[in-house]
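Both complexes shown next keep chain A, but they swap its partner, so chain B is in the first and chain C is in the second.
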Partner chain A sequence: MLKIILPTIMMLPTMWLSKTHMMWINTMTCSLLISIFTLMMLYLPNNSCNLSLNFFSDPLTSPLLMLTAWLLPLMILATQQHLYNNSAPRKKLYISMLVFLQISLIMTFSATELILFYILFETTLIPTLIIITRWGYQPERLNAGSYFLFYTLAGSLPLLITLLHYFSSLGSLNILTMTINTKEMMLSWTNNIMWLGCMMAFMVKMPLYGLHLWLPKAHVEAPIAGSMVLAAILLKLGSYGMMRVTPMLNPLTEKMSYPFIVLSLWGMVMTSSICLRQADLKSLIAYSSVSHMALVILAILIQTPWSLTGAMILMIAHGLTSSLLFCLANSNYERVHSRTMMFTRGLQALFPLLALWWLLANLTNLALPPTINLMGELLTILASFSWSNFTIMFTGFNMLITALYSLHMFTSTQRGPLTYSTSNVKPLFTRENTLMLMHMAPILLLTLNPKTIMCLTP
Partner chain B sequence: MKLVDGINITELFMRSGTPNRAGVVVPWVAKMSFPKYKPSRLATLPQTLDPAEYDISLESRRAQVERLAIRARLKREYLLQYNDPNRRGLVVNPALVRWAYARANIYPNCRATPKNSLLGAVVGFGPLILWYYILKTDRILTVAWRDTVPHQLFGEPSF
Partner chain C sequence: MLPRVLSLGVRRGPLTRRPGTLRGGFSLDWEEKLSEIKKKIQSVLPGTSLHPLYDSSHLPPDHSDVVIVGGGVLGLSVAYWLKKLEKQRGALRVLVVERDLTYSQASSALSLGGIHQQFSLPENIHLSLFSASFLRNINEHLAVVDAPPLDLQFNPLGYLWLASEKDAAAMENNVKVQRQEGAKVCLMSPDQLRNKFPWINTEGVALASYGMEDEGWFDPWCLLQGLRRKVQSMGVLFCQGEVTRESELVKMDNSVEYQPVECALVINAAGAWSAQIAALAGIGKGPPDTLQGTKLPVEPRKRYVYVWHCPQGPGLESPLVADTSGTYFRREGLGSNYLGGRSPTEEEEPDPENLEVDHDFFQDKVWPHLAQRVPAFETLKVQNAWAGYYDYNTFDQNGVVGPHPLVVNMFFATGFSGHGLQQAPGVGRAVAEMILEGRFQTINLDSFLFSRFYLGEKIQEDNII
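So, the complex of A and B:
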C-alpha cells in the first residue's frame, strides 16, 4: 500500500517544484502511473494483501482504490480549462488540494483500523470544502460548503463516540479481527442508539433521502473536479464505511434497518421524479446520484451476498458514469457559461462526437444491458425482491423513471432544433475527448469482466 | 294530402333530412359533415357557433364593453410607447414581469401556516409510515414463509 501512498504524497513536491509549463504534464503522468500501481491489487494471492498493521487491501477496497486512483488524472484533465486565468501558484494550490484529497482517500480505503478510517473520513472534508468554496462559480457556493461540512460533521460525531465505545469494549477495531468477534448486538435501547450512531454518518454521506439536502447544493456549486470527486468517490466513502461497520452490528441490523430501507425505497422514487422537473443540468445529475445511492443503501442494509456484490458494482459503475455526466455538463458550461439544459439544444447536429459521449453516458446511467450499471441494479433488485416482494414496486418504478430522465437529458441537450445562441461554440478539444474516453473505457472493459469489481470474497 | 293511411307526406319530408346550423331541415345529401362542437373548459363556445348569437343579455353586453375598454386602454398605452421616437429599449409589460417574478419566487415568499405545515407533514411523512407498515407486514409474511418451507440448496442436507 505504501507503493501507492508515498508516490501520491511525493506528487506535492513534484508539482510545486516543476516549471509552470510542465505542471499539468507532470501531475497527469504521476497520477496515471500511480493508478497503474493500484491494478496490482487485483490478482493477489488469497485476494488480499495484509503486509502491514495499518493498511491492507481486500476485494472490497481494491475496486474503490482503483476508482480513486483513476479519477485523479481525470480531475486534472478536466480542470485545465477553468483554471486558465489563475496565476501559477493558485493553480498549484488547486492541484495540491486535489492531491491532499487523494492521499486521504487512498488511506481511507486501505485503512485497517476503524479509527484511522474515521480520521481520514473527516480529513477528506477539508480539501473538498476548500475546493467548493474557493473555486466554485456562484455566491451560493458558501451556503453549499456550509451545508456540506455541517451535515457530514453532525452525522459523524456520534460515529466517533460509538467507535470509541466499541474500542473500549471490544479491545480492537481492526477490520480483519472484527469478522471473528463473538460479541453480538442484542436488542436494547443502548444498542439501538449505538447502531444509529454508527450508521448515521454514512447515511448522511451517501446520502439517504431525508438527509440529502447538502448534495444538490454541493454538486452544483462545486467546480468540475469537486463535482467529479464528490460524485464518484466521496459518496462511496459512506457505503464503504457502512459495509465495514455492519459486521459488528449484527443481528440488530435486521430490526433497525426498516426505517432506512423505507426511506431509501421512497427516496429512490422521489429523487428520480424530481430529476424529471429540473431545469439545471448539474442539479439533475446530482439528484440522479441520490437515486442511485439509495439503491446502494438498500443493498447494504439487506445484507445478503448478492446485494453486497450488487452494491459494490453499483458503486464503481455509478462513480464512473456520474463523473462522466458531470464532465459533459462541464463541457457545456465552459462554452455557454450557463447550466440550463435548454440553453444548448440540438448539439448532435453540431458535435457528433460529443453526442456519442452524451449517448453512452446516458445509456449507462439508465442501466442499459449489458453494462455494469445494469449488473449492479439487477443483483440489488433481485436481492431486495427476495427480501420482500413488495420492494419491486419501488425498484421497478425507479428503473422506469431513471430511463425517463436519462433520455430526457439526452434529447433536450442533443436532439431538437439548435438554439441560435450556440452559433460560436467550439467543438470538443482533444483533452476533453480523452477525458470522456478515459471515463467510458473502464465502464466498457468492466462490462466484459465484471468479476473484477464483484467483491466475491470480502 | 294523404297517400297511405297514417302517413303524412309533409312529415315524411320533414323526417327525410337534418337541420343545419340555421335550423332549416335540409336533405341528407346536403348535410355538412362537421362533428358537433362541444365546448370545454379551455375551449369555450365561440360567438359564431352560439345559437343565441344575437340575443345577448344586457349584463353580458355590459361585461363585453368593459373588457373592450380595458383592451383598448392597454393597446393605446402600448402604441404610445411603441411609436415614441425617443424610446430606446423594449416595451415592457409590467404585468408580465410581475407574473414571471411570482412564478419564479414562490419559495422565498412561502410562510409556514398550520394548513401548509399539515399538508407538508401528511405528504412528507404519510407515505413513509404507510410504506413502513406495508413493507413490515410483507416482510413478516416472507420470514414466516422462509422459516416454514424447507430449503434445499444443491444437495444440502436438510436437518
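So, the complex of A and C:
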C-alpha cells in the first residue's frame, strides 16, 4: 500500500517544484503511473494484501482504490480549461487540494482500523469544501459548501462516539479481526441507537433520500473536478463505510434496516422522477446520482452475498458513468457558459464524436446490457426481490424512469434542431476526447471481466 | 469597494461633538449604525453573494443565462416572453440591465403611444395585430398576485392616413394588403371624410384610410411598469448599470464598480444606443462590404412632440390624423389638448446630442400644415413640448430582429424607428421563440434578420411617421 501512498504524497513537491509549462504534464504522468500501481492489486492472490498493520487491501477495497487512483488523472485532465486564466500558484494550489484529497481517499479505502478510517473520512471533507467554495462558479457555492460540510459532519459525529464505545467494549476495531467477532448485537434501545449512530454518517454520505439535500447543491456548484470526485468517490465512501461497519452490527441490521430500505426504495423513484423535470443539466446528473446510490443503500442493507456483489459493481459502474456525464456537461458549459439544457440542442449534427460519448454515457446510465451497470442493478434487484417480492414494483419502476430521463438527456442535447447560438462553438479538443475515452474504456473493458470488481470473497 | 468602506469611517471625525452625546456614550444615530451592521451581516450570510468584505447586493449576479441590454418596453417584452415560454419554471436565468432606471431618455417612456395596423409590410401588420390583442387582454397576460390591474387608457379612436393624388394608388394597394392580413381598415373618399370629420379641410386629399378596430393610442408608461412588475414577479433580475466592455463576458459599470457577468446570450434591446452595444460585440469591425464589416445601422434621431390647447379643435371624435405632409396630431385627454409633430426631412434633422426642444420647428414647419389641414388649428396655443429619440434604422426604417450571423449569441430587438412600442409584444415573442425553439413560430420575421444589411435587401415600409 505504501507504494501507492508515498508516490501520491510526493506528487505535491513534484508539482510545486515543476516549471509552469510542465506542471500539467508532470501531474498527469505521475497520477497515471500511480493508477497503474493499483492495477497490480488485481494480480494478488485472493485480491488481499495484508503486509502492514495499518493499511491493507481486500476484494472490497481494491476496486475502489483502483477507481480512486484512476480518477485523479481524469480530474487533472478536466480542469485544465477552466483554470486557464488563473495564475500558476493558484493552479498549483488547486492541484494540491486534489492531491491532498487523493491521499486521504487512498488511505481511507485501505485503512485497517476503523478509527483511522473515520479520521480520514472526515479529512476528505476539507479539501472538497475548499474546492467547492473557492473555485465554484456562482455565489450559491457558499451555501452549497455549508450544506455539504454540516450535513456530513453532523451525521458523522455520532459515528465517532459509537466507534469509541465499540473500541472500549470490543478491544479492537481492526477490520480483519471484526470478522471473527463473536459478540452479537441484540435488540435493545442502546443497541438501536448504536446502530443508528454507526449508519447515519454513511447514510448522509450516500446520500439517503431524506438526507440528500446537500448533494444537488454541492454537485451543481462545484467545479468539474469537484463534481467528478464527489460523484465518483465520495459517495462511495459512504457505501464502503457501511459495508465495513455492518459485520459488527449483526443481527440487529435485519430489524433496524427496514425504514431505511423503504426510504431508499421510495427515494429511488422520487429522485428519478425529479430528473425528468430538470432544466439544468448538472442538476439532472446530481439527482440521478442520488437515485443510483439509493439502489446501493438498498443492496447493502439487505446483506446477502448477491446484493453485496451488486452493490460493489454498481459503485464502480456509477462512479465512472456519473463522472463521465459531469465531464460531458462541463464541456457543454465551457462552450456556452450556461448549464441550461435548452441552449445546447441538436449537437449531434455538429459534433458526431461528442454525440458518441453522450450516447455511451447515457446508455450506461440507463443500465443497458451488457454493461456493468446492468450487472450491478440486476444482482441488486434480484436480491431485493427475494428479500421481499413487493420491492420489484419500485425497482422496476425506477429502471423505467431511469431509462426515460437518460434518453431525455440524450435527445434534448443531441437530437432535434441545432440551437442557433451554439453554431460557432469549438469541437471537442483531444484532451477532452481522451478524458471521455478514459472514462468509457474501463466501463467497456470491465464488461468483459467483471469478476475483478465483484468482491467475491470479502 | 474601497471608497465605500472609507465612507463609513470618515463620516464623523473622532473629535466632533454632537449635542447631547457624551464621548464614548450612545450617539444619536445608533439606529442607523445598527441597520448598517445588520445589512452587512445579511450580505455575508450563506446563500448570498460571495463578497464577505463589502456589500454587493446592488451588483448584478456573476452568471446569467440571458442578459438583456436595455430595460425599455422591447427588452422587458423579450424578458416576459422568455420567462413565459420556457419549458420548465425557473429554467432560464434572465438579467435585464438598464442604464437609467428613471427612463428619462428612453424612447418607450417619451413615446406618443400610438398603435396602428396600417403598414405596407404584412409582417408589420401581423406584429401590430398581435400587440393589439396582447394589449386588449393585458390584465390576463401581466397579472401579478395582489397587485392592482393595469389601466392602459387605450383610446380606440384609430388612425386616419391622408393621401394626395400621387400616393392614392399606393394607399389603395396597402389597404388591400392590410385587409388581407386581417386589419380592419376602410378607405374613405374626400366626401365621406367631410361627412365624418367636418373639421377637416380636404384640399389636396384624394383618399384616406381609416382604421376601425385595434388602432388608437395608449399609455406607454403603464405598459412599461406593468411589464416590469410582471417580469420581476417571474424571477427576472433587474440591475442598474451600463454595459461597457465585452469579450465573451459582459461587464458593467456602476459608478466605478464593475461586475463581469458571464452569460450565454445577449439581447440588444438598447434602442437608440444599440449601435454602441453592437460595436462592443465586434459587429462592424472588419473590412467594409463584408459580413464582419457590416455595422448595425441604428442611430438615434431626435423627434419633437408638441402639446397645444385649442378649444375649437376637432373634439372628442378625432383619430390620430397623419397628413400628406407628414404632420400628425392626436387628441390628448378631455380638455381640448392635442399632441402632434412632424418628422423632419433629412436636411433639417436635429442634432441628437441632447433632448432640447426647438420651438421654432413648430412655428415654421408644423403649424402651417396643421392650420391648412384643420382650420380650427389656426388659433392654437402651445402648452408644452418634449423631445424623444427614435432608434432610427438608416437602412430601411424597419426593426432588426433575431441573431447576428457571425456573433451567434447576440440577438437584436431594436431599430424600429418610431413604431417599436406598438410592435413590442410581438417582437418579444418572436425573439423568445427564436431563442427557445430556433425559429420564428407565431409571426415569421425572417425578413427582419440582420443579414439583410449585408445582402442589401431593403424591406421598405411606406407608412412611417
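Here is the rule we use: the second predicted complex is superposed on the first by the 457 of 458 C-alpha atoms of A that agree within 3 Å, B and C clash if a C-alpha of one lies under 4 Å from a C-alpha of the other, contacts with A are read in each partner's own complex, and residues count from 1 in each chain.
To be clear about the criterion, contacts are C-beta pairs under 8 Å (C-beta built on N, C-alpha and C of every residue); 3 or more make two chains touch, one makes a residue touch a chain.
Just so you know, these numbers come straight off a predicted model, no measurement behind them.
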| item | value |
| --- | --- |
| Combined model on chain A: chain C and chain B, fit or clash | clash |
| Which superposed partner A:Pro13 touches (first chain B, second chain C, both, neither) | neither |
| Partner chain in contact with A:Arg277 - chain B first, chain C second, else both or neither | second |
| Residues of chain A touched, compared between chain B and chain C (which is higher) | C |
| Contacts of A:Val262 with chain B and chain C, given as first, second, both or neither | first |
| Partner chain(s) touched by A:Pro45 [first = chain B, second = chain C, both, neither] | neither |
| Chain B versus chain C as contact partner of A:Ser388, first or second or both or neither | first |
| Clash-bearing segment of chain C, relative to chain B, as chosen among 5-13, 59-67, 131-139 or 311-319 | 131-139 |
| Interfacial residue positions of chain B with respect to chain A in the complex | 127-128, 131-132, 134-136, 138-139, 142 |
| Residues of chain A touching chain B in the complex | 258-259, 261-263, 265-266, 387-391 |
| Chain A-facing residues of chain C, complex | 46-50, 61-63, 65, 86-88, 90-92, 248, 262-265, 403, 406, 408-409, 434-439 |
| Residues of chain A touching chain C in the complex | 133, 137-143, 146, 277-280, 336-338, 340-343, 345, 417-424 |
